[in-house]
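To keep things simple, chains are lettered A, B, C, D and E as they appear, and every chain counts its residues starting from 1.
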Amino acid sequence: MIPIVYTFVFSFNDSVKSNIAWRGFTFDKWLNVCNVEGGAVCQAFGNSIVIGLVATVLATTLGTMIAIALVRYRFRARSAISLLLFLPMATPEVVLGAGLAAQFLAVGVPKDMVTIILAHTMFCISFVVVTVKARVASLDPALEEAGRDLYGSPSQVFWRVTFPLLLPGILAAALLSFALSFDDFIITNFNSGSVSTFPKYIYISAARGIPAEANVIASAVFLFAMILVITVQVSRAAREKRLAKLG
Amino acid sequence: MAMREFAERGADLELVGIHKRFPGFTAIEELDLTIPAGSFFALLGPSGCGKTTTLRLVAGLDEPTNGRILIGGTDVTATRSHERPVNTVFQSYALFPHMTILENVAFGLRRRRIDDPAGKAHEALRLVELDHLAQRRPQQLSGGQQQRVALARAIVNRPALLLLDEPLGALDLKLRRQMQLELKAIQEEVGLTFLHVTHDQEEAMTMADTVAVMNKGRIEQMGAPEELYELPRTAFVANFLGQSNLFTGDVVGATDTAIAVDAAGSRIVVPAARAQRHSGQVTVGVRPEKVELHREQPAAEADRNLIGPGVVTDVSFSGVSTQYLVEIPGAGRVLVFAQNISFGPAAAEGDRVWVSWAVEHGFGLEDTPDEARFQADASTSAIAAQHRDALVAELEEH
Amino acid sequence: ACQSGPRPKPTPAADRSDGDPTVRWANWAAYIDEDDDGNYPTLQAFTEATGISVDYQVAVDDNNTYYGKVKDQLALGQDIGSDTVCLTDWMVARWIRFGYTQELDHANMPNLANLNPALRDPDFDPGRTYSVPWQGGFGGICWNKEAIPGGITRVSDLWDPSLKGRVGVLSEMRDTMGCIMQDLGTDIAGDWGDDEFTAAIDVFREQVDRGQVRNIKGNAYLEDLKSGDTLAAICWSGDITVINAEAGDKWEFALPVGGGTLWNDNFLVPVGSPRKSNAERLIDFYYQPEIAAEVAAWVNYITPVEGAKEAAMAIDPELAENQLIFPNADTLEQAHVFRGLTAREEQKYQTQFQSILLGV
Amino acid sequence: MAFAAFATAEAQPQAPRKRSAIALVLLAPGIAYLVLFFLTPLVSLLLTSLQVQSEFGDIGEFDYAFNWQNYVDVVTSYWPHILRSFGYALVATVLALVISYPIAYFIGVKARSKPLLQGILLVLVIAPFFISFLLRTLAWKQVLSDESFIITSLKALSLMAPDAHFTGTPFAVIFGLTYNFIPFMTLPLYTTLERLDLRYLEAGGDLYASPATVFRKVTVPLSMPGIVAGTLLTFIPAAGDYVNASRDFLGGPGTQMMGNVIEANFLVLLNYPAAAALSIILMAAILILVGIYVKRSGTEDLL
Amino acid sequence: MAMREFAERGADLELVGIHKRFPGFTAIEELDLTIPAGSFFALLGPSGCGKTTTLRLVAGLDEPTNGRILIGGTDVTATRSHERPVNTVFQSYALFPHMTILENVAFGLRRRRIDDPAGKAHEALRLVELDHLAQRRPQQLSGGQQQRVALARAIVNRPALLLLDEPLGALDLKLRRQMQLELKAIQEEVGLTFLHVTHDQEEAMTMADTVAVMNKGRIEQMGAPEELYELPRTAFVANFLGQSNLFTGDVVGATDTAIAVDAAGSRIVVPAARAQRHSGQVTVGVRPEKVELHREQPAAEADRNLIGPGVVTDVSFSGVSTQYLVEIPGAGRVLVFAQNISFGPAAAEGDRVWVSWAVEHGFGLEDTPDEARFQADASTSAIAAQHRDALVAELEEH
C-alpha cells in the first residue's frame, strides 16, 4: 500500500523535473498531464492502452478457442499442446523478450506497435487458456445437450447456451490479459523499438527522475479501476439483495 | 416441417437391434424394444445398467454403434438431436443457469418459433405449480423445484415422445407422489408417449403401463407391473422388484399342473404354469407378503407349502407392516411381511415358528441356480468404474 | 542477434524535412538549458527562429544501453524515433563504422565555421562528415558538501572507509576506469595494455566487493546523489552545476589529483531519420556563439563553439572564467582522453568492466 | 475477475469426445501463433547460443557454429548469478507465501460470510496491478532511500547501523521481489481457499484434531493446488526478473540476477551467444525445478 | 485423559434448554432431550427443521445461543469439538479428498495416538465391506461407498456418542437395509449411544429404540416407534410418520371409554384413552392399513366404524400391497392399503364401496383443527429459504 499512497501523494507534488523531494502541493499536474515533454507521458499511456486492447482481443480469441478444444476434444497431440501452452508461462520474461527480439531481428521485421502487440498476445494466450479452460471444464455438457434436445441448432446452442455460460471466464481472461499487457515492461523493452509504452516511459525516465505526471496517470488508472471494481461489487450486492427480497 | 407443431398424440418408439459400445465398455448389449404410442413405459434397473444411455440414444445425444431407432415409424437414427420430436427431462435437470425459469421453459418454443412462447411457458409453469417463481434463476430454487422446472421445460413442447430420466429423484416422498399423479394426468390428457427411467420400483409399478427391468445393458424382463411382480422370471427381477424368498433344489416330482422341488429337505410345490423350468435343479420363490407365520405347527394342506420349524431372528416394525426374519435350517432365511392390522407383533425374536404359503403364489425362475445369486455390491456401478479406468488408460495411450 | 559476418550497411532514409517542420533530439539528462517550468529556452528560440518544433527526448543514460536499445533498428535502417542523438566519440566511431549515421550536408550548417579547430578532424570522422560536437566535458569526482565538508581530492579518497556504501561510479567504462587508471598512474591516452587495465579493474573490483561502491550507473547517478544514497561519486563536470541549481547548492565537482577524463559528445543523424535537414538546422542553430553561451551558462560543459566565451562575458564575466566551461591549458592538463580501442579490446575490457557491474 | 485466472481447473471427469475436425479448426490459429512467436524464437535462441564470434568481425558480429563452449563460459563466469537468481526467487517465494497465506485465508475463508468485505479486501490485493509495477518499485526506492524519513528514523532509533543502507542490498531486492509478486501468490491461494469446503475442517475437529493439526493435515494439503500455482507464478517470473535487482531500482552491483546478466549481454556487451546461452540455461533450470516440484507436490494435472 | 481410550460404553446425552439463533433466524426453539447411554435414538423431521443444527451443537461445531449440553453427565457446552468424545457421520460425508480411504479412517485414531491405527482402520473397513478399496481415494468411490467410509471413519473411534446425519441417504434400498442391520449390530455390540438423523421414517422406525419427530425447531413427539405410529398426537406426526386418514368434527358423545365424533354426517368412535381431547371440535384418524374395504354394505358393528358408500377413484399396485383411494361424500378421501395376499385387486376404479375399521385402531389428535392441516410444500424448507433471504438482506445492511 505504501508505494501506492506515495505515488498518489506525489502526483500532487509541485516538482519541476524529478519528483523526489516534496516541494509543495499543486493540482497543476493533474490539470496539465499531457503538457510536459510534448505529451510524452500521455502518448506512452495511449500506446499502452491500444496495445493492451488489441493484444487482449487477439489473445482472448485464440486462447478461448484453444481452451474449448482442449477440454472438449481428445486428440493425439494433446500433451504436446499442453506443454506448448505451459512453456510460455514457465519461461522468464527476459528469455521470451530476448528470444522474440532476436527472431524479429533475424527476419528483419521492424519493431513497432505491431511487434509489441504480437509479443504481448503471445504471452497472454497461455493465461487465457488456463482461465477459460477452468470455466469450460466446469461447464456441464448436459446444458448443451439440453439445448440441442430443445431444438437448438448447433450455432444457436453455441451462442445462446455455451457462450453466455463461458462469458465470465472469458471476461476474466480478457481482464487478466489487459493487466498483464498494460504492466509489461521486460518483454516490451526488447521488442518495442522506439515506441514508448507507459512502463517503458517510466523505466527510461527512472534514470533522470520521473515527472509527477507519471504519478498522475498511474493514480488515475488506479482510481478508475477501483471505482469500476467497487461499482460492480456494490451493484452486484444490491442486485442480490433485490433478488433476495423477491424470493 | 412437422416440428413446428405441437404433437397431437404420442408416437411409437421402436428400437431395433440397438448396441452401444463406448471405447472399452459395452453399455448396451442388444436392445429391441417397442413402445406403442400413448403409453407410459418405465425402464427400471440398478445404477449403471444403461438406462441413461438408452435415453440418450433415443434423444439423439449419442449414436448407437449398431441398430436403428424409429419414432412414429420414421427412422431417426441419422437425424440430429434438435430435429427429433423428442424432449428429455435430464437426470441432472440441466437448467440453463444464465436464464430465468421462464426463459428456460420458453427456450424450446422459441427455437421452433411457436406463437406466444411466454404465455405457453407460464401455463406449463402453472402446471408444476411454480409460476410464481418464473422470474427467478435456477440457482435460486430448491432441488425439487428445479426438477419441476425441468419437467415443465420438456412438457411445454408437447413432444411426441417424452423421455424422463429419474425426473422425481430429488423430491421428498410427499411431493413425489403428487408429481407422479400430475405426470400421469398430463400423459393421459395429451396422450403423449412417456419413456420414464427410474430406480424406484414402487414408482415404476404405480405409474407405468409397462415396466422393463434392465440389467447390465440388457432387458431382463418386461411386462405389466403386476405381471412382473407376480411372475418374475429371474432372480435379479425377483429381488430387484420387491423382495423374494428363493429356494433352490431339484425337481422331484412333476404333474401337468405342478412341480415339486426338494429344497434341502423341504418340499415346495409350484404351479407348473408359474414355473419357467420343469426339471433339473431349479430356483423357486415366493413373495414375503404371501407368506404366513404360524406359532404352532399347522396341519398340512395340499394347496399350501409348509416349511419349518425355524426361529425368528429379527422382528422389525415398519409402520404399515411388521417384517419377520425366520431362520429355517436347510431352507435358509425366510422373510415374512404381516400387515399391522392388529396391535403388537405376532411373534417375538427367538420364537419357534412355521411358515406357509398357498401353492398358487409360488413361482419358478428361468435362471440356472449358479446365476441365481443377486450380487448387491459387485453391481454394475463398480464394474462401470473399472471399465472407465480402463478406458481412460486406453485413451491416454493414443 | 543472428546476423553473421560483416553486415551490409543500411541505406539512409529519404529526407522529408520539407513537409515536416519537426525534429526529435535524443540527449542525456541535465544537458540543456531548462527553466523552472521545465521549458527549454534555447529550443523555444530555435522554434521561433525556424518554425521547426523540437521533440526533446531525455533518452540517453549511458552510451552502451542506448546503443543496445536502438542497434537492431539501426541495422535495418529503420527510424529509431530520433532525428539526432548526442553520443560520445568512441560510440560515434562505432556508428560511423557500421554505417548507422547519415552524411551531413555542411552547406546547411554555415555556423559550423565556429567549430573549435581542435575538434575538426578527429580520427573517427575526418572533416566531420558524420558528426558534430555538442558539448565536451570532464569525468572527475564530486561530493556532497554537507556530508563531506572537507571535500576530496583524488579518486582513492572515494575508497575511504567513512564513505562505505555511499560511493557512486559511472557505468561509462572510460570515465570510471579512466579515473581509476590515472589514480594508479597510468596515462590513459598513452599506450597502455591489459596489465594496466587489469590493475585498475582489481582496485575497482575490490571496492565493489567490499561494499564501498554503492552503485554503478549512467546519468542516473544524479538521482542517487539527490536522494542521498551516494555522498561522493565519479561524475561528469557540468551535471553538478545543474543539480545544485535544481536541489540546492549541495555538491561540488573537481578533477582528481591523478587526472580526470576528457571527452566530447557529438550530434549525429541516425540512418533511419527522415528529417536530416531539420536536424542540420538544429545543429547549426547551436553553433551561434550567443546560443552556445546560453547553453553553457546552464549546463557548465565545455562548448566546442568558438566565440562562445566572448558571448559569455556579455552574460556574466564569472562564467567566462569557469574552468569547467572554458578550461585553460592548466586545467586541460589535468584531464586526458581515453585512447581508442579495437573491437576486440572493446569487447574484452567491456566484459571485464561489466562483470564488476554485475557483481561477479 | 482476473483472479479466476489462477483457479485450477477442477478435474471433472467428462465423457471423452471423439476426435473432430472442429478441434483442429479451434486449435490451429492459436497453436500456429505460439509456434510462430514462441517456439521459433526459442529455436533461434538455441541456435544463437551456439554461435562464435566472427573472425575479423566488429563488436556484436557472430557466425553460426556449434560452439557449446559458450555454455561452459557463461556458467563459469556467471554461476554466482544463477545461484543468486534462484536463491532470491526462492526466498521471495517463501516470504510471499508466508505473507499471502494468512491474507488469502482471511479473505477466502473468514470473510466468506461478508461478501462486501471480501470484495473490498480482494480489490486491495489486486490494487497494485493497477499502478505500474515500475512506479511502485521506484516509490519503494524513494521511500527507503538513505535520506528518507523511514531510514533516518530507523537509524535514529538505532534499529539500523548508521552506515547501513537499504537500497542496493540483497535484502532490498528480495523485498522488492516479494512485494511485487504478492498478488500473484495471493490470488491463486485465494481461489482455492475460497472454495475450501469448511466441512473438512469440521470433520478434522470432530476426529480429535486440534486446530493446529487440522491446519497442517487438512487445510494445507487441500489448498495445495493454490500453493503450487502461487509459488510457480511467483517463482518463475521472480527468477527471471531484472527490474527489482536493476541498479536503477532496488539493486546494486552485488545483487545482480540472471535477468540483468542476460540484459547486459544482449544490450550492452552485444554478446548474443552468451545472452542466448544464459536464457536457455535459465529456462531449462526453471523447467527442471518446476517439474520436480510439481511431481513432488503431486499436482501434475495442474499443468 | 480419557480421550486416549476407546469408549467402553455409550454415554448419556442431555440437552437442557437448548436454543439456537442464527442471525435473523431461529433454528432451534427450545430443546430438552435426554438420550440414555447405549440407546439408539432417531431424530426424524422434514428438511430444514433443525436436525443437522442439533447434531452440530452436540458435536461442538456450533455453539448454542442458550442451554447446556451434557455428555455422560459432564457439561461439555464449552468444550471444543476435538475434545468431545463424540464422532459424526456427516450428511455430506466430508471425507478428506487428499487421503486414501485407509488414511481417512485412521485419522481419528492417529490423532489420539491409539495403537495400530492401520490395523484398526482395516477392521472397520471390513465391517463396511470396503477393505478392498482401502488404498483408493474418496473421489474414486461411488456415493454409497463414500457413505460407508464415513461410517467406518466415525465408528472406528468407538466414541461414547455417535452422531449420524443421514448416513444412509445415498444408498439404494438393498444396501441401505443391509447397512441398517450392520449399524444396529455395531451399536448393540459395543453398547454405544447413537443419535441418528434421518428423513426416512421407515429407517427411523425399524432401527431406533426411541424416535423423536422434529418440526420447525421443536420436538413434536417422542417415543418408541410403535407408540408414535399407533398414537400420533399431531396431524404433523400422523402424516409425517406414515400416512393417515384424518376426519374433523365435533364430539357428539363421550363415555368413559370412548368418544364419538360427527364428521360431516359420519359417526366415528375413538377410544377415550387414544384421544388427546374429549370435547369440542377434534380431529380423529386411522391408518390406511387398518381400514377394510367392502364391496357391499356390511352390517354395522359396535366396535367398528363404518363409513360410506364412496367411490374408488384410484387403485394402484405397489407390489406388496394395493392402495385404494376412496372418495366418500362428506368424509373426503380415504386411503386404504390392502396387502396382496390374493391375486388381483379387490375393487376397481369407479366401484361403490364402504370402508370400516376397528374402533380400537382410531386415534384422536391434540391439534386444534385449524392447525391440523399438514402443508406438504409450504414446509419448513420454503420457510427456511425465506428466512435465509431475510438474513442475507439483514447482513448486507450492516
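Here is the rule we use: contacts are C-beta pairs under 8 Å (C-beta built on N, C-alpha and C of every residue); 3 or more make two chains touch, one makes a residue touch a chain.
The model shown is predicted, which means the values in this text are computed figures rather than measured ones.
Engineer: Using the touch definition from the top, list the chains contacting both chain A and chain E.
Structural biologist: Per touch definition, common to chain A and chain E: B, D.
Engineer: Looking at C-D and A-C, which pair shares more C-beta contacts?
Structural biologist: More contacting C-beta pairs are found at C-D.
Engineer: Roughly how far is chain D from chain E, centre to centre by C-alpha average, rounded to an integer in Å?
Structural biologist: 56
Engineer: Using mean CA coordinates as chain centres, what's the gap between chain B and chain E in Å?
Structural biologist: Roughly 26 Å, centre to centre.
Engineer: Averaged over CA atoms, how far is the centre of chain A from the centre of chain D? Could you give it in whole Å?
Structural biologist: That gives a centre separation of 18 Å.
Engineer: Starting from the mean Cα coordinates of chain C and chain E, work out the distance between those two points in Å.
Structural biologist: Measuring from centre to centre gives 91 Å for this pair.
Engineer: Residues of chain D that contact two or more other chains, please.
Structural biologist: 16, 44, 48, 115-116, 142, 248, 266, 272, 275-276 - these are the residues of chain D that touch more than one other chain.
Engineer: Which parts of chain C, given as residue numbers and ranges, touch two or more other chains?
Structural biologist: Residue numbers touching two or more other chains: 1-3, 217, 220, 227.
Engineer: So which bits of chain E are touching at least two other chains?
Structural biologist: 385, 396 - these are the residues of chain E that touch more than one other chain.
Engineer: For chain C, which residues count as touching chain D in their complex?
Structural biologist: Residues 1-7, 64-65, 67-69, 71, 94, 97-98, 164-166, 171, 208-209, 211, 213-217, 220, 227-229, 343, 346-347, 350-351, 354-360.
Engineer: Can you list the chain B residues touching chain E in their complex?
Structural biologist: So the residues of chain B touching chain E come out as 46-47, 129, 142, 172, 174-175, 178, 199, 201-202, 205-206, 225-226, 229-230, 239, 241-242, 287-290, 314, 316-321, 323, 337-341, 343, 360, 376-377, 381-382, 385.
Engineer: For a test of understanding, state which residues of chain C touch chain A in their complex under the given definition.
Structural biologist: So the residues of chain C in touch with chain A come to 1-3, 29-30, 34, 36-38, 55-59, 61, 70, 72-73, 75-76, 78-82, 217-220, 222-223, 226-227, 246-247.
Engineer: Which residues of chain A touch chain D in the complex?
Structural biologist: Chain A reaches chain D through residues 1-4, 6-7, 10, 20, 62-63, 65-66, 68-75, 81-96, 98-103, 106, 118-119, 121-122, 125, 127, 129-131, 133-135, 137-138, 141, 168-169, 172-173, 175-176, 179, 183, 185-186, 190, 198-199, 202-203, 206-207, 210, 214-215, 218-219, 221-222, 225-226, 229-230, 233-234, 237, 240.
Engineer: Please name which positions on chain A make contact with chain B in the complex.
Structural biologist: Chain A reaches chain B through residues 74, 76, 140, 142-143, 145-153, 156-157, 160-161, 164-165, 243, 246-247.
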